[in-house]
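Before I ask anything, here is the structure I am working with.
Residue numbering begins at 1 within each chain, and the chains themselves are lettered A, B, C, D and E in the order written.
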Amino acid sequence: MLEVRGLTIRTGAETLVEDLSLSLAEGSLTCLIGPSGCGKSSVVKWLAGVLAPELQAKGDALIDGSTAIFPHRDIAYQPQQDTLFPWLTAAENACLGLEIGGMERRAARDRVDALFPTFGLEGHEESFPDQLSGGMRQRAAFLRTIVQDARVLLLDEPFSALDAVTRLCMQDWLVARLAERPRAVLMVTHDLYEATQMADRVLVMAGGPGRIIADIPISTPSAERSETALAEIRSSLKLMLLKEIP
Amino acid sequence: MTSVRYLFPSLVLLAAFLAIWEGYVALTDVSSLVLPAPSDVLNGLWVERYVIARHTLATLGVALVGFSLSVIFAFVVSILLHFSGWLRRGMMPLLVASQTVPIVALAPLMVLWFGFGLLPKVLLVILVTFFPMVVSLTSGYASLPRAFRDQLVSMGATRWVIFRRAALPSARAQFFSGLRISATYAIVATIFAEYAGARRGLGIYILAAKNNFRADLVLSAVFVSACLTLVLLTVIKGIKRMTRRRYRRENNA
Amino acid sequence: DWTLNTNHIGLVVAQQKEFYAQEGLEVEILPYSDTASTALLAAGAVDFAYMTALGFMSAKAGQAPITALWVTMQNEAGRLVYNSGNDTISRPADLEGKTYAGFGSAWEDALISTMIENDGGIADYDTVTLGTGAYEALASGAVDFTLEVATWEGVNSALIGREQSHFVYADYGVPEAQGGYIGTQTAMLESDPDTVVAFMQATRRGYEWAAANPLEAAEILIKAGDFPNEQLVRGSMRLIADGGYLTDGNTPVGLIDEVRLTTMAQFLFNSGVLRGADGQPLAWPGDVSGWFDQSWMTDR
Amino acid sequence: MTSVRYLFPSLVLLAAFLAIWEGYVALTDVSSLVLPAPSDVLNGLWVERYVIARHTLATLGVALVGFSLSVIFAFVVSILLHFSGWLRRGMMPLLVASQTVPIVALAPLMVLWFGFGLLPKVLLVILVTFFPMVVSLTSGYASLPRAFRDQLVSMGATRWVIFRRAALPSARAQFFSGLRISATYAIVATIFAEYAGARRGLGIYILAAKNNFRADLVLSAVFVSACLTLVLLTVIKGIKRMTRRRYRRENNA
Amino acid sequence: MLEVRGLTIRTGAETLVEDLSLSLAEGSLTCLIGPSGCGKSSVVKWLAGVLAPELQAKGDALIDGSTAIFPHRDIAYQPQQDTLFPWLTAAENACLGLEIGGMERRAARDRVDALFPTFGLEGHEESFPDQLSGGMRQRAAFLRTIVQDARVLLLDEPFSALDAVTRLCMQDWLVARLAERPRAVLMVTHDLYEATQMADRVLVMAGGPGRIIADIPISTPSAERSETALAEIRSSLKLMLLKEIP
């Protein structure tokens, strides 16, 4: 449903991303994986309409076949950094996207409150972000993104602030949350274990300039994904990524 | 209790300082015209308490009016600067340069320009206190992390919404630290302004005490003005604490 | 011109004894501040001002739009003072090479130089600008001499027992000046002559009353101001009465003597301390009769 | 070139301000005793250039001596406070409170206490400028990340080695920002001190110009003192840049 | 050669680590793995002699059988955060431990310079830390720790600042560096993939209060460690860690 064609991003002097094309299908989770600095975030920021003004981008994007202008109502974006506002409670943070989208404060609050239990945050509606643990903050951020009910979700390294153990248990949780409703999800990561555990499809990106070097579908059903079942795919991804580093 | 313990070393040092001073005056028998002992200062404060209180009220009034206007003015200017990059680039160097002007020297001229009433004094207080607040507000707005901005933009927020919902709240801490710096100068600036011309106020009192050869009363008034500033700072600290959303919530819930 | 003192006695008496109220005036006496009263008057911040003689003349030389209406002190109350214990000083000529504690006005130099030179010395002395600190500095011996007003600092020094001697300006070639002018803006003479007359009449009554009843006047002054040192006020008033400062008995209180004003102004101009925007000494305007206007005395 | 472009908006605003001022004076024909035009101020500056230069040198001398001593003093005090927690807890509140004292009022008394030589002026400059530096130095030392400290302790470093090799260098940026704040006050404080008593200096010049009803010369001197402060700030910026190790290295290699 | 017996660490109110014992053998790499906050760093800090003063520790440590007092000459510690001093060049940073240990400046510099090529930092002796990439900074930090020639190395999450791809290729590199000389190494991590890839022995820690719940030797030789070869061990470790999170 979302299609990008021939995206090129450049600073004045340098080409960061060159002639990149990708498409996201409804109800699929696509992981974009690659070494640091290869341009993953730049691609996602362009889709979210927040590319830094000093970068020039060229390329087409189609949503359901018609040209899209960003920022777009159908796209929800969760940046790489934690953006829960420290001066708002968890519930107020979660309402933010809805209120800015024009929803009335009470209606937004009702909709958000209904989701708190599902996100394991019941009773923390009035907590401020710094009163939550890392995992809970992350869940609150997902809540804010998902409640906007956009048809496309852009998640830029959603787990990068978490320690490895918390991350392990959030992975399956997020997959379950996303499956509740058909959406097209693009998730950026540089952790091959995370990508193989979660994605339906892994796009491997290489830097200098950024381009997609492999497109690997993963057909193992979620429930059956284990260390042994995925060992093969991981092994090949690992080789591919290690080749990317000098 | 804890604050007493916390301040204990300070109190010890303060007591030692006053004791040495008192002792020095007692031993060397220096004229109280030149160096009054702390006890003389306290005595002067007591004897003149009504007069000093009247002057203090006048000073406090001017300082509060000036300071409040200064805060409002700082907000207005900071918002203008925030939304106009050209104005920001143009004004900031001028504001910085304006801080290097010795306002002492301007005070008498301001009385000439604006007369004897509240205006020149309030203007002087504004001139002195408004810069730290504008600087802290603009740098507070700029401290908004890029990602917060991006998050709102991707949700479709306008510039004004971004300002009100993100830039303004994120400037809170810096605003209060600017406010604290400004408050430190507010009383002193008022006294200055009174030096240059006023009907009453601590500045006038100090000047009169000086011209009447009463160093002890000068110090009494200095002491009172230091206390005023400390009270102002404490009030601001209180306001900062009580306007924290979390605090309000916890105390209402 | 200065923190409330005995020079202002007539104003305070007029206010306290409601002479102003009887003229239908509401008068507010503003306290002394760092901004010269002359400048305040010239800028239109006040209606009337009490000015030092030299301050008034300096401002007039700079074309300030003000006019004198009154002079308080018939005799020069100012004098040059030094420590009696300082035996290197016995005459103004000895001041050569000494340190002077000054107040930062140009005319001080004219005055002191004239005295030294007329006494046969060379006017080469060191100036430290100290303001009121001058008297403590003199007492401690940090400076050698300064200027004082006999009826205020002089009384204070006597009260606290300082041994000080003085030279009188007029003895050494400085014209004897009257001291303490009250003036108003020239424009006000045109636009609101009635107020000027009313104010000045009441003021005159105040000074006349004070000249007649110096001790009661002192008590009125003490009650009106926050005087930390009441003895100073009483001592000062006594001196003013005894020294015939307000009136020598013949001249009416407050009369401006055109001859003395002209001589003093001429002295100032000739000394070359008054300079214009081009940095050159101002030229003598030839006539200073327009500087004052005492027609109010006879207007009623 | 780039700095010209950078300052362009400021210059436009400044020119507009001066033009309005000049125009106002020309149109309303206000007395130059009260409000001199910018051109009068410049003219005064030119006519009196030798006199002003002499006073400026005096002020600059006092300011530099006072400021240098203040820097040294601030270092010594900050090191003492750094190594003694008791002293730090005791002194900090007193230092903060001391900033609320209106030093203006104390200046004449200090002349009484210490004479009218260099001492009271230098002391006043120290009093005014030393606090921001002590605060920035101590908070700079405290900004040393715990992990840096741990790293050195695990290597067997003593307290003094930790201070010299980690706390001191990590306070560099904050020290310079404190220095900048202090420098802004150094000249103004000197002028103040001169007001209370001096042989020469810009303070004396301003006082005399004021007593002689020369508002134009007051403003000329104010302008000079603002320039002095700007120069001082620029020099400090230069020192900051040139003492950066990386800068030195790049320019020697 | 290093032995810890009955280590208990408490704040005034709470027990952070309870009765923990472990021993490190010469020439071995032991990984300490566990969820965030379980007390891994506290144990290592105690061994380095830098435990926060507000924490009370009780327990014995023996080096080669005799009681040890920390900080100890034979122990080199690399904290969790990056501690390269930004105001020193890479070479000066590397000399720090030697100079504080009492070595003369020139001698320290010679010893450090000789190691720069091995650490892939040749030509960067005079670079300041912020002129180095993440991977190079990490190598410089290792250089500083290893050059001290201590017999025990304590590494607290040495890779946590690196992205997953760089981390992958640093893992094998570090194992090679450490193998050059027999040492006892204790490395803290919360990434089970990292632990299984590098360690001879994995100690699994659980929180509340911190204690060791499993001690798993890994005998697969370094060269043979691949996704498939380690899948079994990872699978069991993953289960163990997931159980630790509510």
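In the analysis below, contacts are C-beta pairs under 8 Å (C-beta built on N, C-alpha and C of every residue); 3 or more make two chains touch, one makes a residue touch a chain.
On a predicted model such as this, the values are computed, not experimentally measured, just so you know.
The minimum number of touch steps linking chain A to chain C comes to 2. Chains touching both chain A and chain B: none.
Note on interfaces B-C and D-E: more C-beta pairs are in contact across B-C.
Our note on geometry: chain B versus chain C, Cα centroid distance of 38 Å, whole angstroms.
Mean C-alpha position of chain D lies 48 Å from that of chain E. Centre-to-centre spacing of chain B and chain D amounts to 19 Å, using the average Cα coordinate of each chain. Chain A and chain E have Cα centroids separated by 32 Å. For chain A, no residue reaches two or more other chains under the stated contact definition. Residue positions of chain B touching 2 or more other chains: 34, 108, 112-113, 195, 210. Counting partners per residue, chain C has 36, 39, 43, 132, 136 as the residues that reach two or more other chains. Applying the touch definition to every pair of chains gives A-B, A-E, B-C, B-D, C-D, D-E.
Across the interface of their complex, chain D is touched by residues 6-7, 9-10, 12-14, 34-35, 86-87, 89-94, 97, 99-106, 108-109, 112-113, 184, 187-188, 191-192, 195, 206, 210, 215, 218-219, 221-222, 225-227, 229-230, 233 of chain B. Interface residues of chain B facing chain C in the complex, by the touch rule stated above, are 33-34, 48, 51, 107-108, 111-113, 115-116, 194-200, 203-205, 207-214, 217. Per the touch definition, chain D reaches chain E in the complex via residues 145, 147-157, 161, 165-166, 169-170, 172, 245-246, 249, 253.
The touching residues of chain A, when paired with chain B in their complex, are 45, 48-50, 71, 73, 75-83, 85, 87, 89, 96-97, 100-101, 126, 128, 148.
Within the complex formed with chain D, the chain C residues making contact are 36, 38-39, 42-43, 55, 58-59, 62-65, 103-106, 126-133, 136-137, 142-143, 274, 277-279.
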